[in-house]
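Letters A, B, C and D name the chains as they come in the text, with residue numbers starting at 1 for each one.
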Amino acid sequence: MQKITREQLIDKAVSLLSDGTVECVLGWEKGQFDYDITPAVFNDENELRENFVWNDFCGANFSKYLVSKTRKCNGKMLVFLKPCDTYSFNQLLTEHRFDREKVYAVGIPCEGMADIDKIKAACGDGIISIDASGDKLNVHTLYSDEPISVSAESVFAERCMNCKSKKHVAYDELLGEDGDVIESHRFDEVAEIEAMTPDERFAFWQNELSRCIRCNACRDACPACTCEKCVFDNPNSGVENKAAANSFEEKMFHIIRAFHVAGRCTDCGECSRVCPQHIPLHLLNRKFIKDINSFYGDYQAGAEVGTRAPLVDYTTDDLEPGEVFERGGDNA
Amino acid sequence: MQRIGVFVCWCGSNIAGTVDVQAVSDALKNEPGVVFSTNYQYMCSQAGQDIIKQAIAEHKLTGIVVCSCSPRMHEATFRKTAAAAGLNPYMVEIANIREQCSWVHKDMPIGTEKAIILGKAAVAKVNLNTPLTPGETPVTKRALVIGGGIAGIQTALDIADAGFPVDIVEKKPTIGGKMAQLDKTFPTLDCAACILTPKMVDVAQNDKIRIFSYSEVTDVKGFVGNFDVTIKKHARYVKEDVCTGCGLCTEKCPQKKVPNEFNLGMDNRRAIYIPFAQAVPKVATIDPNYCTMLKTGKCGVCSKVCTAGAIDYKQKDEFIEEKYGAIVVATGYNPISMDKFDEFAYSQSKDVITSLEFERLTNAAGPTAGKLLRPSDGKHPHTIVFVQCVGSRCDSCAQKGKEYCSKICCMYTAKHAMLTRDKYPDTDVYVFYIDVRTPGKNFDEFYRRAVEEYDVHYVKGMVGKVTPEGDKLKVQASDLLTNKQMHIDADLVVLAAAIEPDKSARPLATMLTASMDTNDFFTEAHPKLRPVESPTAGVFLSGTCQGPKDIPETVSQAGAAASKVIGLLAKDKLTGNPCVAHSDEWMCNGCSSCERVCPYGAITYEDKEFRMPDRTTAIRRIAVVNPAVCQGCGACTVACPSGAMDLRGFASSQIMAEVDAICK
Amino acid sequence: MQINEYKPLIVAFCCNWCSYAGADLAGNNRLNYPADVKIIRVPCSCRVNPMFVLRAFQRGADGVIICGCHPGDCHYTSGNYFTRRRMALLFSMLDYLGIERERTRVEWVSAAEGAKFAATMNDFTEKVAALGENKRLEDLRCKR
Amino acid sequence: MRKCSLEKLDSVFAEIANSFKLYLPVDDKDGKAKYSEWAEGVKWSNALNTVRSPKDFFFPQTEDLMGFKCSGKNIEIIDTRNESEDFVVFGVRACDVKSFDILDRVFLKDPVDSYYSNRRDHGIIISVACTRPAETCFCHTFGIDPTEPAGDISVWKTDSEVFWQSNTEKGAALLEKLQALTEECDADAVNDQKEKVSAIMKKLPLAGLTADKFGAGKTKELFDAPEWDSLSEACLGCGTCTFICPTCQCYDIKDFNTGKGVVRFRCWDSCMYSEFTKMSAGQPRLTQKERFRQRFMHKLVYYPENNDGLFSCVGCGRCLAKCPISMNIVKVMKTIGGKENE
């Protein structure tokens, strides 16, 4: 259960709206059920009181919306940012993707977001409502008379299981208490794949990436993918395609996408969250992050504004491309 | 669709010997876009070029592929040919079927097959070529010469002579460089000072030339025709324009124990000093490392004795910013350190000296007033051993010394030996050598005189060890011709130390973005055809910064560099390289990735209002490339996540078309 | 096709200033290397987009090698330093996806190293040939 | 109607697989169902439905249409079409079966899409009645009864038995082959289950959803509805909804230059994409709002207009589960369709 309440957020938004600090509010709107929450722009108190929601399903990272939304907004826009969202926020600022002056960022603590698919796997279909109490989620379904209780932690989204930081790295105002950067085990899975033989690695990724339907959800949700025109939509780029015709194109899309965000990816996990085919896309991005950390020193994209991303930087004694394998493990 | 002409060159038998040129031109005839294809013995010849010109006119060609030697060889030639026939020169692509094909593959079918593929790749590229027009930039009509040795002096004089202003930046308090330290010069044996100092005076008196002595270049921005240079003038604590150079201060200064670098530390100077009598500018300089006044605030003798009132203890380093159209590097050389050559006992005995030290010992203005006396005891040496190639022509595995030949040692050693024998016929002179290299006008004659007329003992072989024993130096050597060990009790051993580029060259090269070889000599734009130009446009090379040279060579290269500079400065406008980066403003995210990888600072950003595809208006930050500054490396094109940045002449689509053609 | 007839296809991206000149020198000195190597001239190794590498594999290349000036000697001062990082990460990613390591290489070849160029190409071709055809990054539509 | 015991189901599958390629929903390692080919040991998924719809069987995501072989300056046209083999798709839910009708009206209408019709002719659909509809189900809105699925053969599964009912000649012929493994039974045997499920259907959160406000002739009324702005506000413009949708049928035709020739292929396209139906004069729908509106207007207004009032949504609920920002057709119908829909 989230420590900060929906009412606290609404009150904050209403006060900022009424004192003229902000013109509108970027927040979460309730859906049909308790889990299908949509990002929305709220313009007044009525809209907020009626439709604003804050619960364990508010996973969407708003940072990316700021690129397009601030262009349309004349005054300031209030945005609520969870700790992991603030990294994307900073990274976008580093890349001059929106005007900081047009945003009023309110940092809000996050206790971890739930993955509805994990809940469905645990409780079955037919979920009518979900309510949180303490560290439990009580799930009411069509097919069981009693609510099914699951621990929130057991149904955390992948990125929340491996949460890297409860600390906000950017905000104008903070609600609740700030946390710390966390020593996570987020690279363990990458290390497991690295430890496989090349044949196993190939088979692993072949299986994962073959499910890709090129819906582009990973790209479109990614806060690092804010290109005015994506190379995959650009007929002149030479790699444009609407659907992968074969396994090469499946791989190419994901390699190039991961490479494009390498050094800029904050590991917010949106790609894996939105993938309708459950491809563990974060494992591609994390591979780059892990490599960057080990080759060039620890680097967390978005930790600060204005840092030089590792791929637009160098030192004269960087390791040679041929040496990466010596470091990466012995599975030739 | 292009109308492409393909021209396959035989290069005599160079290509035709291993590539079936007829088959190549036949095969390429069928490639998309190709409307004409032929082959000829020498495409680069006038007749060959005429074939191209004629085909352009006859077949209304819009693009050309020449299958020939490396584009590094004749791309420029064929571009000119195309231009002469009215075709944009950037519509020409070369398929390198000589260096990369006929010369490395011996089998005719294999060579032919590869030549066809390389030709197809070039055709694929030309299909996507677009006519390019170079941009124009104005030229600042002023040159900068970095280094005030004989190379810099000559370059500056020649440029000034053509009427262009020149600045010389010299890090020492005076110009003159190494030549000012020399005694006589080979092979004519005229006195170095006698021929150099008049030139120094010419420099001082030339109103087109400014000298920034005791100064160094700290920053270079800009590009050919438009360099912005920052020069740091070190505080010399003497007002240059007030000092008369009378030298009184240098006599009265109580700090007498300063090693005199002009005499290579073989005697002392004062804390305030003028390096030598003919220094230009003839102005005193206070050495802040030794001056009591500057260190403790107590003394002030020089200030008291200076009637002109030129002393200024509060002087600060000064930074001067100036614009230049061309920069000449003349940073010169130094003998290498003898630290790694302990077998010659250089650090153990004062009587083991380098050749440059020997020059000072024999120089009338030197520490011994020209008398050849041993540094240790001031006695006249009777047996002198000269060791050549100390640190030159070393095995790369030995981890010491240089692989290259220092070039000047053979001649100056012969000079030293001859002069010694001439002045002091009672001395025995031995020269140990690996080879004696005397290619040069009157060089061999000079060497033979040393051997034949002056009875210098030339011994082919290397000195193994020098051991100081009493007041003698035991020299252990081998004579390779007689295959015998030799033991000589010498009074003086002179080491012909290898020469290396000055240490200031490497950081300067970085500032200039000029390339260097692994020995830190500046690389020339072409080793044979452009020996005085650096690959970086607008940067020229003069003297030993480019490689070991003697004085006549240095002076001729200095003149050559000057003529290149004059050629550049004589232009009012420069046409640039059109193969530069450009950003598609619709795709640009303004993320700054490109700016961060650009080594030239060619990319800036501006906010621009856009009518967006969704009919809204937005102010977007977009990258703008300065085509005059961009050198066309392409780093930005890969850093750009959206692919907004592309490179003219090497567009992503062109490179991918080449990949496709090669792989099909 | 018999196995001993298998000829790999190698795409070599060479920077104009060092490696392309190195290849020219190999030619000047008549130093043989396999005709399977096809060179594409780029102004600097930093012009090589990872996309080009993938493109080559897609189109049927069995190995891709990128040659540039030695670090510190880049004609454009710093281009090859960026190449070094980009390709280190790209190659590591390809390895992570199970693509054979020997199919990709970066080699620094100066204009003076004609012999090194030829030796590098001989060695690289041999290693790629030993792997056989590129199956893991192939696009069947483009097969020879 | 015929039946067999649940234990015998694998033998039935084996029998079908003897003559046909048989596909059925199978759980992957993450427990998500997808259509896979049956082989010994492959288990039918218990999931309500597959993540991707079965439209791939007839309208695959990418498919080559024709080829061009280029040598020199000559171009030779190659017909890449092959006659499809007969195949059986087992386990299709009522909603997805209905989606084939919707696709048929597009692809089998003159001019007939021979690629689609070829597969359609050779495919046999065995549908399965639903027993545990999910909260996202709203097939009833479009008049689909999940207890009476259509298809060549309809199947009802109970705790111990599987009931088979053929609806077409193709179905009957197949069922004929399964004579030995099945036995005749009374059609009333599944009534109990049907009633139970019908009762559950009434309790579904979306039970009251109707499409009354939509349909043929509603273009003028709905096109400029102000709600489209807020509905499309958060849309990322990804293609998830269209690609998992069983009825989305838009495709793009593209040429791929292989170096030796050209492959002309088609692939799914999404009206959510900025490049959708881009022409030389540009895109007809410049904003995400217009693209978003297009998708729902097509399903709920334009398609019915051209197809006797038939909506091109089957209420399978996939988009409700998969949209990254949880915007979907139900929210659109409720918002545009007015409060009475809630």
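Rule of thumb we're sticking to: a residue touches a chain if its C-beta (ideal position, glycine included) is under 8 Å from a C-beta of that chain, and two chains touch if they have at least 3 such contacts.
Being a predicted model, the structure only gives us computed values, none of them experimental.
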Innermost chain, where centres are averages of C-alpha coordinates: C
B-D or B-C, whichever has more C-beta pairs in contact: B-C
Far-end chain from chain C, centres as C-alpha averages: D
Distance between the centres, which are taken as Cα means, of chain D and chain B, whole angstrom: 72
Whole-Å gap between the CA centroids of chain B and chain C: 31
Interchain centroid distance [CA atoms averaged], chain A/chain B, Å: 53
Averaged-CA centre spacing for the pair chain C and chain A, given as whole angstrom: 36
Residues within chain C bordering two or more other chains: 50-51, 55, 59-60, 78, 82, 86, 141-142
Chain D residues counted as touching two or more neighbouring chains: 256, 258-260, 274
Touching two or more other chains - residue numbers and ranges from chain B: 597, 639, 652, 656, 660, 663-664
Graph class of chain-chain contacts, one of line, ring, star, complete, other: complete
Chain A contact footprint on chain C (complex, rising order): 50-51, 54-55, 57-58, 71-72, 78, 81-82, 84-101, 104-106, 136-141
Residue numbers on chain A that touch chain B, as the complex places them: 71-72, 94-97, 226-231, 234, 236-238, 260-261, 264, 308-309, 311-313
Contact set on chain D toward chain C in their complex: 256, 258-260, 263
Residues of chain A that touch chain C when the two form their complex: 190, 193-194, 198-206, 231, 238-239, 245-246, 248-249, 251-252, 255-256, 258-259, 262, 284, 287-288, 291-292, 295-296, 310-316, 318-325, 328, 332
Of all residues in chain B, those that touch chain C in their complex: 70-73, 96, 98-101, 103-107, 110-111, 113-114, 117-118, 121, 510, 513, 515-518, 535, 579, 597, 599-600, 631-635, 637-639, 647, 650, 652, 655-656, 658-660, 662-664
